[in-house]
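First up is the structure itself, then whatever we jot down about it.
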């Protein structure tokens, strides 16, 4: 069980990080979202995994750790606010630069400046 | 638990599962989008409905107290599934998704 | 108080002086003289004590933590320098009264001059090395402003910058040196330092301390190779040159060597570093001075040379040499100040300083010429003038220097050679300016004698030259003795102050220098031709080029690193995190903890597989944005299933609601963006990114695995135990959120509120052009609000409100709560916006979302602050049970009010954000004109 | 429980809520109320400093839940100092903003006040996760503030800033998870108590978590290699915002000082001094990078932004010495650099307003109307920033230099700091002399007006460099005591003995 | 018996999810993907109910209810995006 | 009468009352009181969002209709299941169904019913709301489908609504 759970977090992190390193705002936002899924699952599991142990007093015999759940709840909400903000910022970028490149609309690279981030633009 | 209840619950669950699966198979198998649209709207909705009923039965019997909240979910699904289907169909017509050549009639321009 | 007052007075004057600027130049000059006059009067009573080698120390505490005290010391040495500063300062004030034009900013000038005077007095009177350093750097700073007094001139700015860089930089080295001395001695008080000479010299840090201190001294006193700033500082108005660059500031380095002589001198390092630097400076300065066509340039290089001479004397390390050095400080200050003033008069009256144009001034200003010729003779070392006396002592000391072998000849040789040059350039100063035919093309013609009072300072100084030269013992003897005594720590050698010491080797050298110099001047054309073969280096231009080059290099280096690429910055962050996390993990290894793995049930396994698959697919398919978005939704759904699977119903619900709103948000944004991401990066870079992403993923997997299999104990049992009795709710998560850690939640809803406000502000005046059709080029459909959707949306609203109320009310005891309820309400309203449009819905919403946010936050605060009234801390909750007929027993909890705050904030924030984006749509604007759907 | 502890949080919160409601009220009313809030906050901060200066710890347990179970605010000398420093900076920035900057959106004052709230939570909280929440509050407010103002030039820098900080927040949560998964607690004092007892098996987890926390704080503080986002972000923000942000990097600094002396301090057993050996070279590299950036700067604002990075490097290098003296010196330096850099941002804004299209670029331009005043302010600011006497920067630098003990560390620190100061001096003198002195005739049309309040705001912050010198004795005594209190971690742990309030009034 | 039925039902629902993801990835058009997602939402409802029965608790019931509400809005938003571009206009 | 008591939409209020009972797993003292309050309050709160009154002339016929549809759903699902599982290729068709219903809510209900019942999905409603586009999964006889819908669903709905 733990291995599957850990692999899921690994997959979320890897895809999140990869997308975060892209050059356009939209994939970056999606990457951050994936990353935050991974992080939330991670933080959640810092109280260890439990089955049927919902921390509702009286509903079960053994309770899961409620604290990480509360923390993750806070983290989800904050993450939501942050995502909303960054999405709108990406929109502003699109509006201001008529482009959604994370570095804005940049002048064409001059020949002496071999800037590898510029390749393909 | 009474045997009758057990049969009922098991039957409802299995029926539900089966319809759910059939809906999914339909979604996977049917030839074009409009055909696939039928599967979840009907089979899956019904499947989930059956499972809900199973749950209602299960908890009502096992806890000896009426539990009907699941019905609300089912009602909800019945209300919304046709709308989802409608708007998805509109989207598909707009995009002009491929149809099987056997199709009679034409979709509308959007 | 006296000494503190002496130092402070000029600063007070500096603040006061500009106030007199309106009253005219005379008034401000008089006002500016007051501090010096008062200071002289204050110092006078101490003379008897000092003359006998006494010392006056006054100390006030300031910053004991640093070792810094307001500690002042008056002894012979500091008195000598203080007198130079005060007396020459007074003369400069008088001189400047006539030098500056009425329209110039005299207020600023006198203010800066007084600042400088104060700083300079601070240096010489400080008895705490750190305090001295403060004044030291202050002189650099003020001199920067004085040199650039005419800051519209490029040369003035450049000269000032260069001077600041060199002297300020030297000051930094001095700071380090002083801190090292302080570390060795354990105190910065001069008494302690001077008493600890042996300790210092024996310490391992001594070479460092010495080098750093000397760096400070050498830069300030324009020693080779740092001498070049001084000639370029001549862009300053002449009073400044006369004051700073002959008499005072450049002597600060000399003063420092004299002051720390007992503590630092007497070692081989000292000898070699100081004497060789002095020797080089002496020669180079004298040589270059001869060839300068600029009057002040000649004087400046001559100053460099004389400073080298004094340094050399200190470097020799004998007591007599030190006495000679102190003596030459006085003499040089006197004749050089008068020469600068004379040069200033000439500049003032002719409009130029170029000696190739200035000729035959004797005819036009005989009085000034006489004064200048006497002073220049003193500079040349002509007998009966003060310059001769100290130079004679210098020659004598040069002969006494016991270097091994052939090296023994070097100092006298250098001394004589420098003497020859000195005579030559002095001769040039006299002949080339006052004789040598007629003036050429002077800007002001004919030149006149300057105003009467402008010459008085020069007269006084020239008179001093003669007095000291002829009656040294009476005129300067006691002061020199006191100063030398203070320098040497009371151990003054036998020396005689006489006009003639008989016919001896030093006198021979003087004669040789005198006639050699005259000969050299008479053959000057040959030397000029020889010199012209070498390209003259314009140090200022070199410095400027170096600065530009440095700026350019730094700029390019910076731009290379700070290249504005988010991808790079993000990569650095990710790699940093990976490195710091993997180092301990890989070095000590954590894999599976002692709890081991639990078996995996296959539905969970399949769901986990699907989750991982869809996550990876999102990354892989990210170029098709809508597709990736759908995949992302699946991930979100599966994550919420995972929460449910592992006992977190609240999280499952929250995750799900948030995920849907997020997707709506992303789609709102995607409308205005390309629906397809182009390939931007080369494949090696993508491979690199994949490798890094995989490393991060593997790292997180390992960490998670280790974490999940370690045994663990937490504070949570407390929450479970107190949730019901203490918090009044059976949903421990909710009780944590609204009670145990309610403050987190307050912060969290504040974040939501701020985000929404920020989004609103960001989009307020933004205009976007939406694409006319989708990515495949289909125009959008006509039907904005399909009838079925509109019809179903209507009953959905009351229905969803009911559900959200249900979720809200039960949240304290069962899964649910304000946040989820808020999102359900929001989503129900969003459905109205989607189904019936912006304008239609907005017309029906009877409140501003801003106010909803405000009310939400306010409710939360009020719920929290209610406990103040009962003497409990913020956010303390209370609850009770009420029994009503029919309804039965139900709970009333103050936490519910807090949760209601959460509820409203969520609604307000979510909708404000979504509506702000929705408002961008031009469609909604057009519709609003028509008045609704 | 002393309710004063909540004042620096509740005052701006209530003020901010009020601003939300009165978004459409006349500007003068909004300004009056906003200023009132900031002044009240300043007053409360002074009260807190007075309270803290008795050297005790004051604990405020939210919800009356005793630590480590509830969230506590802990007031000690350090937090009081941070709160007051911020309040003073904020007062002047806010005053400055009330000229024009706050007209760019109706949300300005709300965002500004919420920013202060977040900062104060961060400085006062004694709970690691609450620190995360505080970070988020101040970050989201800072995102909003950063986007204030017209024009499009700040969008990209803000985007970079936001994305990096979102990634940073993710890292923060991972770190919290890692630490919680071993210690089972979030209260910093409790963490400090439990870290020494961590088993060998769990050690790498805590170590990795701690170091990732260092990366997070390092990102906020803008330590190399995580500092490149800063120059353009600060450089493009409106002046009062950029000036207020002078304190933002100090939050990272504060967090490092707080967490790494308390939780991973000398008593932390196998983990004592965690991260310091990473921090020291990175801090020096940051310092060097800041100097290089400053030398290469082609506009005044860029120069100041690199000064921010120089400050960070200097601060953290001193802290990374891991000594009481180093920390004390760093705190002294922090006061100087925060106020002065804030003031410089304001001065530069006034300068650029009077130079037309030349703005703050280091080029020839028409002469400024208020050249004398502005040049004096810039000069004073530069002197304080470079660390020349007689202003506060010098004393700070001396304290830092004195804090080292002979050895390799000393050579590196002294070398970098002194050589760095030299080049910074060169950069400032070049920039200042060109901007203020290399003029063409005439003035620009429609220059930015230098009103009294603008002058007071900019001058006030610069004048703090003088105030620090005048109060150098008491301040140095205070920071010494602060460092001593910080290093006496045993006393901090006593906050765990706090009990709930019994009975009501 | 219920246990076995439950087991089989869970198997069928899980399998259904697999098939849905297959359709989601295969496409070929965007509406197919949204349809698959919508079906996944409904399957998730079933799965949660089944989880509740397995665990013998009704604590997850509202999660299922929520998926029904939220999933619908999500689907509608996506479909509207596909045909109108502007979800809220 | 109901409107004067503050029940602008009595049918909606009834539904809401029942929904509350469902949510609370059946009737209890508390749920009835609360349900009644909400049934009164929520329609008030949201009345602006439902401007056009649903003209439910014979609301009591609705349950019958619902039962019929439920039964048809079961049938529909079975038939779809057969189709899905059988190897035979279906013969789909787009059918334009001329509406006689006029009220949009009635049209929506009809369209929904069609979507939930055998082999048909409502794909679109024409802009003038006079024609319904139906996609039939397996249409042997398009006219028969139209007739079935007309008699089995549209007629009863017309009775309920108009």
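Labels for the chains are A, B, C, D, E and F, by order of writing; each one numbers its residues from 1.
In this text, contacts are C-beta pairs under 8 Å (C-beta built on N, C-alpha and C of every residue); 3 or more make two chains touch, one makes a residue touch a chain.
Please read these numbers as outputs of a predicted model, since none were measured by experiment.
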item	value
Interchain contact steps from subunit B to subunit C (minimum; 1 if touching)	1
Chains in simultaneous contact with subunit B and subunit E	C
Pair of chains joined by more contacts [C-beta pairs], A-C or A-D	A-C
Taking each chain's C-alpha mean as its centre, the one farthest from subunit D	F
Gap in Å, rounded to a whole number, between the CA centres of subunit F and subunit B	16
Whole-Å gap between the CA centroids of subunit A and subunit E	23
Computed distance of Cα centres, subunit D from subunit B, in Å	57
Subunit A and subunit F: spacing of chain centres that average the CA atoms, whole Å	41
Multi-chain contact sites of subunit B, meaning residues that touch two or more partners	25, 37, 39, 45, 47, 67, 69, 72, 79-80, 82-83, 86-87, 89-90, 94-95, 110
Subunit E, residues touching no fewer than two other chains	10-11, 17-18, 30, 34, 36, 56, 59-60, 65, 69, 76, 80, 82-83
Junction residues of subunit A - those touching two or more other chains	20, 25, 28, 40, 42, 45-47, 51-52, 54, 56, 59, 67, 71, 74, 78-79, 81-83, 85, 89-90, 92, 102-103
Pairwise chain contacts, counting only pairs that touch as defined	A-C, A-D, A-E, B-C, B-E, B-F, C-D, C-E, C-F
Subunit C partner contacts - residues on subunit B that touch it in the complex	79-80, 82-83, 86-87, 90, 94-96, 110
Subunit C residues touching subunit A - in the complex, by the definition given at the top	563-568, 570-571, 574, 597-601, 604-605, 608-609, 611-613, 615-616, 618-619, 622, 625, 628-629, 632, 635-636, 639, 642-643, 645-651, 654-655, 658, 661-662, 665-666, 668-670, 672-674, 677-682, 685, 689-690, 692-694, 696-705, 707-709, 712, 714-716, 719-720, 723-724, 730-733, 736-737, 740-741, 744-745, 748-749, 751-752, 754-756, 758-759, 762-763, 766-768, 813-815, 819, 906, 909, 913, 916-917, 920
In the complex, subunit E residues that touch subunit A	55-57, 59-60
In the complex, subunit C residues that touch subunit B	774, 776, 778, 780-783, 786, 788-789, 792, 795
Of all residues in subunit E, those that touch subunit B in their complex	1-2, 4-6, 8-13, 15-20, 22-23, 28-32, 34-36, 38-39, 42-43, 45-46, 49-50, 52-53, 56, 58, 61, 64-65, 68-69, 72, 75-76, 79-80, 82-83
